[in-house]
Amino acid sequence: MSNTLKKHWKTKLHEIIYEADTPAGKLFDIVLLIIIIASIILVMLESVKSFDTNYHNFLNISEWIITILFSIEYIARIITVKKPLKYIFSFYGIVDLLSTIPKYISLLFGGVHALAALRALRLLRVFRILKLARYLGASNTLLKALKASRVKISVFLFTVIIISITLGTIMYLIEGEENGFTNIPKSVYWCIVTLTTVGYGDIAPATPLGQFIASIVMILGYGIIAVPTGIISAEYASQNKTDKKIDIQLNSQSCQNCLAENHKDSSKFCYSCGEKLHV
Amino acid sequence: MSNTLKKHWKTKLHEIIYEADTPAGKLFDIVLLIIIIASIILVMLESVKSFDTNYHNFLNISEWIITILFSIEYIARIITVKKPLKYIFSFYGIVDLLSTIPKYISLLFGGVHALAALRALRLLRVFRILKLARYLGASNTLLKALKASRVKISVFLFTVIIISITLGTIMYLIEGEENGFTNIPKSVYWCIVTLTTVGYGDIAPATPLGQFIASIVMILGYGIIAVPTGIISAEYASQNKTDKKIDIQLNSQSCQNCLAENHKDSSKFCYSCGEKLHV
Amino acid sequence: MSNTLKKHWKTKLHEIIYEADTPAGKLFDIVLLIIIIASIILVMLESVKSFDTNYHNFLNISEWIITILFSIEYIARIITVKKPLKYIFSFYGIVDLLSTIPKYISLLFGGVHALAALRALRLLRVFRILKLARYLGASNTLLKALKASRVKISVFLFTVIIISITLGTIMYLIEGEENGFTNIPKSVYWCIVTLTTVGYGDIAPATPLGQFIASIVMILGYGIIAVPTGIISAEYASQNKTDKKIDIQLNSQSCQNCLAENHKDSSKFCYSCGEKLHV
Amino acid sequence: MSNTLKKHWKTKLHEIIYEADTPAGKLFDIVLLIIIIASIILVMLESVKSFDTNYHNFLNISEWIITILFSIEYIARIITVKKPLKYIFSFYGIVDLLSTIPKYISLLFGGVHALAALRALRLLRVFRILKLARYLGASNTLLKALKASRVKISVFLFTVIIISITLGTIMYLIEGEENGFTNIPKSVYWCIVTLTTVGYGDIAPATPLGQFIASIVMILGYGIIAVPTGIISAEYASQNKTDKKIDIQLNSQSCQNCLAENHKDSSKFCYSCGEKLHV
């Protein structure tokens, strides 16, 4: 009897932590979101020297509070899953761990720059919020369109890189070291800066011939942006039509056994491992 | 009898000020548009020092004329509406007030910089002209498409911000303070400048590794612009089809009682409060 | 008899000069194109000081040859049209005159800078080549799509200008003169530079708040480019479908009487004035 | 008998080198891809002075290894084709030769800068990989869409160039030499930099009128990017529909006699010369 009660408690917690359909689950996700955003703002503020010297104690205490909250969440996630190892070595499991430990490590070593590097990983944690966004049903069509045009986008990016290398090398030969094109990698960097229409101006062609070829690069870059746009537009439009026809209602449940997601509202068992779902 | 005449006069004025279907209503909107544009040009010219010193009197008098015209319009709007308080506390009501009072306040205080701040609000007034544009039937489909892709665009913007924060932090660690990446917020600012292909060049990567990651940011920014474009293209296209099928004729009438807009040509009563419409 | 022969000769010349369906007409257009391009290259080279001092005589003689060729063409155009005044005061008529006279005027006055200004007008002449492009059947669908989205594009551009003025003014208040935002027009210029993702970097925000608002401007500019793209995509796609269904064959004939163009292949009389067409 | 065996051996090699359907053919293409990428990285590293001085021997030996591998491949390609001259003078034949000989020439002359120029041509070789990409079935629809909108894109690019020349000349007259617009070609270069939203900032308008016209150029450039995007979106979408209906399975075979490609899976004879295909 006590065992079933315990199981019930674990199922409840699993629902709160991993899902977003119940009021408690939604609240948990929103609170988590706020804590993550707060932790990112803290990391940012710490890097601002004038702020760090004035409010060092405040930053340190806040950092500890967030670290403890993250630790509790990490432990809760391990407890409520049937196969904890699968969670621990999943993408989100690793991100969760890495975003929690830096402060504990700082107790032992206290190395300033290495810690900053570890803290940067905490930012990856925000990607979990995208999971929340998916539940809003917003990015499903988009993700499908992106997947459908995956190969085409790769071919496009590949072409961009080839053009950059070819024209970057040509510009290195034309402009030379005296105009800032000191070597081919730098020329290729300049070509990407120009082709993507970013145009820092830290390196800019000075010879008439160089400016002429730069103009071609610009017009090329200005024109070929139309290609991925056209691909995604068309794929998204056709995906959008299909989606409106089918329109399956997916919920935010996650299987307690194998963590599989995107179950249909009518599903009673996990489509991936057959575990009973708690609707 | 005098009462009905007065009511008739108020109804007429309401028609002129709030609607754009009658010749008088159109004329009123165009005159208002010209005055608003003139007032914005005045605010701009006042900020140019050489112009302000040479033509101070001209600017001052013009400013007073526009302020008085705005005041008359504001009072007329209050009189002709059945529920004046609803107008006063509506978005346009507040903008109308704030765009009129700065000159009166300058009589009492005359503080230069604070006044400039208040005058800046006058610019918000131009958004009323967008209302006029809507009556041209132009932006209806567009607004519907934007509303339909609201959530998707938010997810997109959110992704852009996460990428900026993540890559901005990485660049702060790579480039460091000696190359202008003095703190994480500034690095994130640089990342947004690069990702959106603006590329000021006030901060630019100097190390080979930094330039390599910057290249990735650029190609990323160059590519993901295709995403919102694809979304809006597809939504707009499907909206456009629906609109051409339905094609309800909406006019520029605004209910005298509740200020509700977008009435159908065939409507005789307000769809929102049931007040009789004056066709 | 001599009169009909003369008429026949004029009709023939009209066909060569104004149309592009006959081999002679095509040749004439191509030769004209080459001369226009050559004349533009000459104007460009003249502005390069080192080139002008070394090859002054060559440039002067070439300029005279082109001027005389343009003069002959201008006179031929007047002779072959039934209503010469209509041609003289048409857009192309004025452009033709203005692109021919600068050299003659230089004989009388010889003012250097004023002449450069007049020569610049010669460039407008190249737009006639676009007429040629239209005969390629290429831009018809495009022009229709642009016309169909005319109002929408205007509303979009108008919104861009309003955003630029509003945010430009706000940036003027935040950054102030010490950071290069010397007055509101300059701030608005900066805002357009940023919103359109050009980003010269001649003016760049220096305060944290300014950089934050600049980031918003950039993301805004990066995002709203999707709007006109979406509009034109959708309009062009729907136009493309209609055009493929109808697909009327238009030729490059131009009525000898009223200069009306875009006649159908089956037409025997001008749809605009009833004049007989010479097929 | 020995002759048929030899023929069989040549056919086998032809299959490996020219096609990508068999496992050996795929492996060959992937190995070739890796060698090409390695050779490009070598060319890049050689241009970095600090790297070249430290690892000169390593670079020299690697270069020789790659040159020998390229030579073997070049000879194998000539042997296995029935009409070797046709291959030698084809685009890929010339690229293959030019990407192989620079090192041999350096033995005879050893001129540094001329060699760099020849080595740059080696980069063109990477375009062969695009052939591989085509076999992935990815770029077929895209290429068709680009071909279908070829004329329209040309008209668009032509318009961009005309606008650049016209507005570049106007800016030269307004800004003049004192603000960096030293001659018309440079002004046109600036106009392309601005219109394509690259915006280096090496040349930037300084006069109010110049900044006003620059703003127009920017908004123009920001807006007209929508045009090619719209064209390609629509063409790609309609192409995509047609392709999904037909969906012919093409393979990567290349005729041993005439090098014709894109044979259907069911083809037994070359559609171009009638030679038997080895399925």
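The letters A, B, C and D name the chains in turn, as written, and every chain counts its residues from 1.
Keep in mind that, in the parts below, a residue touches a chain if its C-beta (ideal position, glycine included) is under 8 Å from a C-beta of that chain, and two chains touch if they have at least 3 such contacts.
This is a predicted model, so every value here is computed, not measured.
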item	value
Chain pair with the higher count of C-beta pairs in contact (A-D, A-C)	A-D
Interface sides of subunit B and subunit C: same vs different residues, half threshold	different
Intercentroid distance (Cα basis), subunit D paired with subunit A, Å	32
Distance from subunit C to subunit A - Cα centre to Cα centre, in angstrom	46
Multi-chain contact residues (two or more partners), subunit D	156, 185, 188, 197-201, 221, 225, 229, 231, 233, 235, 237
Parts of subunit C lying in touch with subunit A, wherever the complex brings them together	197-201, 229, 233
Contact set on subunit C toward subunit D in their complex	40, 43-44, 47-49, 113, 116-117, 120, 123-124, 126-127, 129-130, 133, 136-139, 141-142, 145-146, 153, 156-157, 160-161, 185-186, 188-189, 192-193, 195-202, 221, 225, 228-229, 231-233, 235-237, 240-241
For the subunit D and subunit C complex, residues of the former touching the latter	151-152, 154-156, 158-159, 162, 165-166, 169-170, 172-173, 182-185, 188, 194, 197-201, 204, 208, 211-212, 214-215, 218-219, 221-223, 225-227, 229-231, 233-235, 237-238
